[in-house]
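Two complexes follow with chain A in common, the first pairing it with chain B and the second with chain C.
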Partner chain A sequence: MHIPDAFIPIWQGAIYWIIALVFIALALRWARNEMNEEKLPLVAVLAAGIFALQSFNLPVSMGTSGHLVGGALAAIILGSPFAAIFILTLVLIIQGVLFGDGGITVMGANIINMGVIGGFTGYYTFKGLMGLTKNMPVSVFFAAWLACLIPSLACAVEMAIAGTFPLTEGLIAMGIYHAIIGFIEGFVTIAAIYIITAARPDLVDTGVRAPAGASSS
Partner chain B sequence: MMDNKTFIIAGLVVALLIGVVAVFMASGDPDGLESTALVVQGQKELTGATPEDAEIHEDLTGKYSYESPMPDYSLGESLGSAGGIIAIVVGTILAFAVVLGISYGLKAAGKPAK
Partner chain C sequence: MIEELFEIERDAQKDSVVHRLDARVKIAIAFAAIIALVAVPYSTMVYTIGAVFFCFFAFLWCCTRLSPVTYLKRLISIVPLWGVIIFFQIFLKNKYYTDYHTVLSLPLGISIYAESIEFAFILLVKFMVCISFIILLSSTTRMHDMLEGAARMGLPAEFALALGMMIRYLFVFGYMFRKINETLKTKCFDAFDRHLPYRYRLRQLGYMIGTMFIRSYEQGERVYTSMLCRGYGKDSYLFVQRKPLKGTEWAVLCFSLAFITVIPLAVWLTSFRLL
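Moving on to the complex of A and B:
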């Protein structure tokens, strides 16, 4: 759901940029306060992994493809929505500047959708469901699914404000496609969290340090 | 438990593998947003396949346009998959390096304040 420059007028893009900058500043503060020798490698590896995952467009039928966003993954594993904003912002800058994936004037909107909305949706859905169900995979799945779906709906609203898509049609199409993409995102996020937790249980900050069956060392 | 160095190497290897596989396996269909654009422009049915000749009409008046050095994660037709792999490898390593660099920078800048 990387919005290209052609889809949003420059002045609207500027507004999204201003909003995004507020969250970027908060994300940088998070990074300064939370980052330590131990977490640094995980954050950087997650950025590399999220960049690679986003380049992998998976077929989702209906003549459409989609890739993972990774906002929920970053937020859940690092225990903060600002982790998602921090990583996604830098990944989106590289994608936009180097590969033309997502525009420059609209980058603020892309950061808001995938980083801010994705990060907050993923993190708080996970926390809420984890408290209710105590079930890690189920909580992660819905968190990742929503963190893919909700940003796509926000994107549809932005497209409607820009006059690029009619609101209802945009919401329906974006919603259907990303509900399917989110399904894949859900499963991959569960797998990624298990793998990373198995490799470095000390780095994962999900509140479920030991997944079922594994003993904490 | 893996030490930091092993974790970084393993993580980067996994990321690069995903990226390289993506060059060959990724779907060429438009993504969700592009697909929606085709639907609202009447070039594609909501649940139907994307026609070969479908193309998104872009109204560029009053919009910014930017030429990236490696558009669409490719170095041009002539280099084909090799160019795609180079683009993905550069991007993946850069994502790692930029995040690591900025994190180090912030940490260093944050120290004296404490």
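Moving on to the complex of A and C:
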């Protein structure tokens, strides 16, 4: 899902950067208010964990690359979509500047897709489903699945606007790949949240509690 | 990618003229080159500008005293993934050309067009040169220096601090991943072994991911507490010392930025093309 440099014309990249900067400013406000000495290690370890998750890439012929996203995981654990934007921005900076995974001129578009769309989709899907079903694994699974699928479709639309890939084929290729990858993302997110809520319930901010029978030892 | 992180940091610890340059100079040069090349319209002009920029990169790489094999290794780890995606361009029509000439017709109505091949090459040239500058930047700048440089260039303190912590955790994750992987190997566990039940494999992988997260977090928390005891805190990056650039660094920066700006303009004005 990482768009590399040159795949989007510079003026479109600039527009995505401007939109992303608005959300980055809001995420920064979240960090100033919420990121205290206790929460900082959690933010950093989540960023490192998501970086590790995203490092397993597959090429998608009519799009960019296919991989896990992690936006839902960050938003659910830290209890805010802006946390996901903050963390995904960190991840994308490291990936772009150190590894060339995702471009510099298109980082705004990548932040919008994975951080903004992924974070908001994951967080509000989880909140909505949790309110309806009161079932943590189901809510987390669908939140993570959608937070993987929707950003990939947004990426296909951006590539089509840029003229690098056709819209229909791009949507189909990116959609199918990420619908499948979304299943893995769903299971990984459930596993991570399940174990964290069982072992360290104090770290989770969304009111998610360990399922009955899970011990904290 | 985590394994590559250790290699990149090893290269960045070496010593050369380029390694000794202030991180801000290298960040500015790399970003300027990428922006300038991406700003060139999708036309054959990119070949000339890309070639000149690549020569500039090659000169800087020679000054790093790093082996060309290091560069090639890193390029090979990045390019195949994107190479496949760029390769698919040869089958597609796009809005940058009006007329298309078929070079080869394949079954199922698939065709390869001359203009699409040209577009794929343009993308490849732009992509390769951009990636080369990223490789140069990351192979010659230690992560800590890059972070300090970015903080001095205006990166918000919250980002600088969290990035610094994240980089530490990446190494902790790397070590943790190695340890857990070795343990699973000694138990002969293979996540792709079809003889094992799905439920068992999923549970083991779930435990692995969760344990990696919890252990990294707890180890990192201990490290962070020790750092707090030594005076490091969440406001540390608010007070990064000011460090003016030296005369030679200004000279390198000004010359490079002028070169990066003038070359595309000159090529565009003269409409000089290699092909």
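Here is the rule we use: the second predicted complex is superposed on the first by the 202 of 217 C-alpha atoms of A that agree within 3 Å, B and C clash if a C-alpha of one lies under 4 Å from a C-alpha of the other, contacts with A are read in each partner's own complex, and residues count from 1 in each chain.
The working rule: a residue touches a chain if its C-beta (ideal position, glycine included) is under 8 Å from a C-beta of that chain, and two chains touch if they have at least 3 such contacts.
Small disclaimer: the values here were computed from a predicted structure and weren't measured.
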State whether chain B and chain C clash or fit side by side on chain A once the two structures are superposed. clash
Should A:201 be classified as contacting the first partner (chain B), the second (chain C), both, or neither? first
On the A-aligned overlay, A:187 touches which partner chain: chain B = first, chain C = second, or both, or neither? second
Does chain B (first) or chain C (second) touch A:21, or do both, or does neither? neither
According to the contact criterion defined above, which of chain B and chain C contacts more residues of chain A? B
So, A:67: does it touch chain B (first), chain C (second), both, or neither? first
So in the superposed three-chain picture, is A:132 touching just chain B, just chain C, both, or none of them (first/second/both/neither)? neither
Once chain A of both complexes is superposed, is A:32 in touch with chain B (first), chain C (second), both, or neither? both
Between chain B (first) and chain C (second), which, if any, makes contact with A:1: first, second, both or neither? first
Those residues of chain A which chain B touches in one complex and chain C touches in the other: 4-7, 9-10, 13, 28, 31-32, 35-37, 40-45, 47-49, 51-52, 55, 57, 59-60, 62-65, 86, 90-91, 93-94, 96-101, 103-105, 164-166, 199-200
In the complex formed with chain B, which residues of chain A make contact? 1-10, 13, 28, 31-33, 35-38, 40-53, 55-60, 62-67, 86-87, 90-91, 93-101, 103-105, 152, 155-156, 159, 164-166, 169-170, 172-174, 176-178, 181, 199-202, 217
In the complex, chain B touches chain A at residues 1-2, 4, 7-8, 10-12, 14-16, 18-19, 21-22, 25-33, 35-37, 39-40, 44, 46-50, 58-60, 62-73, 87-88, 90-100, 102-104, 106-107, 109-110
Mind listing the chain C positions that touch chain A in their complex? 1-2, 4-5, 8, 31, 34-35, 37-39, 41-42, 78, 81-82, 84-85, 88-89, 92-96, 123, 126-127, 130-131, 134-135, 137-138, 143, 146, 156, 158-159, 161-163, 165-170, 172-173, 177, 202, 205-207, 209-214, 216-217, 220-221, 224, 228, 233-234
Can you tell me which positions in chain A touch chain C when the two form their complex? 4-7, 9-10, 13, 28, 31-32, 35-37, 40-45, 47-49, 51-52, 55, 57, 59-65, 86, 89-91, 93-94, 96-101, 103-105, 163-166, 187-188, 190-192, 194-196, 199-200, 203
